[in-house]
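Think of it as A, B, C, D, E and F in the order they're written, each chain with its own count starting at 1.
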């Protein structure tokens, strides 16, 4: 019955990669806690770049500071 | 002051159905806990099918396994 | 497969009331969207009073402003 | 390492305003708790009007009741 | 910069198992999306049994219906 | 009507600091988006150290790697 939520920036994640994330997260709960896959929910949220902040900046601006430093 | 979040797959839920969910969730908090509707927030998240996993699979694939079993 | 999260302040909600919230939220998803109760997850979060803010104040202080106004 | 999530209705918030929210939220965690901005994550969720309920109504309908009362 | 949230019922999960969940979720994001572990946040929420509902019932009651059916 | 959620590790945050976070987050939404404080909800979640992972490790272990490197 676990609920797993994965938030990532929207940067071209493919359906195949999402399926891999779903399978991997579910397998992890089975392996570590012996949870039932049939009631393990995984929800992926893709977040627009302008909506994700780190270091006090929108992530794209933050990354520029890293590459320019 | 309750905050209710309803996550559902994006499968054609209509504005009228969303209004029903909002009303129903609010009425539930009023009935059970006597909460004030004016400060009861309900947020609905529609999640893309490829972003919702169950049984280790994206939901559409999972449903195929149910119908084919 | 819906996921419903209900956040309320920790103010003596009883197990029976929680059961009522769980049933009510599930029944709502069945009634409005014909969802399967067996895969409808409801999670209740009780939040400490000092952790809940409204009107820029912790909720207990905010309520005092309402009663004194 | 804080994680801040800001949910607002989708009503024309600009990238510049989002950057201001990200900066303001990060500065707040630095000022109050001396957190490291480089590991402070801020995620903004814009919620469609029909997905946001208050007072038992979708927010646009609720606002009409306020203006007409 | 991913944010992973794992909600599970409070049923005696050990610190070692939590460390395994943290490592496994982080490794998954590295493997599938080549994310940087140093900015990958994993938050585990243990939810009291009475706060987790499925099938319209608190989870312990729901499990009784499964064993008795 | 914004909803702000602040997740931080449980490391002795005082009620006064929480009140500051609530005020600061609300003021930010007023300043940037002219939101109504009376319907701005702020919820703080303190997360146990063993439940917060970064760099693939529980946060306390992660911090040790930083100080020893």
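The criterion applied here is as follows: a contact is a pair of C-beta atoms (placed from the backbone, for glycine too) under 8 Å apart; a residue touches a chain by one contact, two chains touch by 3 or more.
Just so it is clear, the model here is predicted, and its values are computed rather than measured.
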Distance in touch steps, counted as few as possible, from subunit C out to subunit D: 2
Of all other chains, the one whose Cα centre sits farthest from subunit E: D
CA centroid of subunit A to CA centroid of subunit D, Å: 21
Approximate Å spacing (C-alpha centroids) for the pair subunit D, subunit F: 14
For subunit E, residues contacting two or more additional chains: 1, 3, 7, 21, 25, 39, 41, 43, 52, 54
Pairwise touch network: line, ring, star, complete, or other: other
Each pair of chains that touches, named by its two labels: A-B, A-C, A-D, A-E, B-C, B-D, B-F, C-E, C-F, D-E, D-F, E-F
Interfacial residue positions of subunit D with respect to subunit E in the complex: 1, 3, 39, 41, 43
Subunit F-touching residues of subunit D, taken from the complex the two chains share: 1-9, 13, 17, 20-21, 24-25, 28-29, 31-33, 35, 39, 52, 54, 59
Residues of subunit C defined as touching subunit F within the complex: 7, 47, 50-58, 61
Subunit A-facing residues of subunit D, complex: 15, 18-19, 21-23, 25-27, 37-46
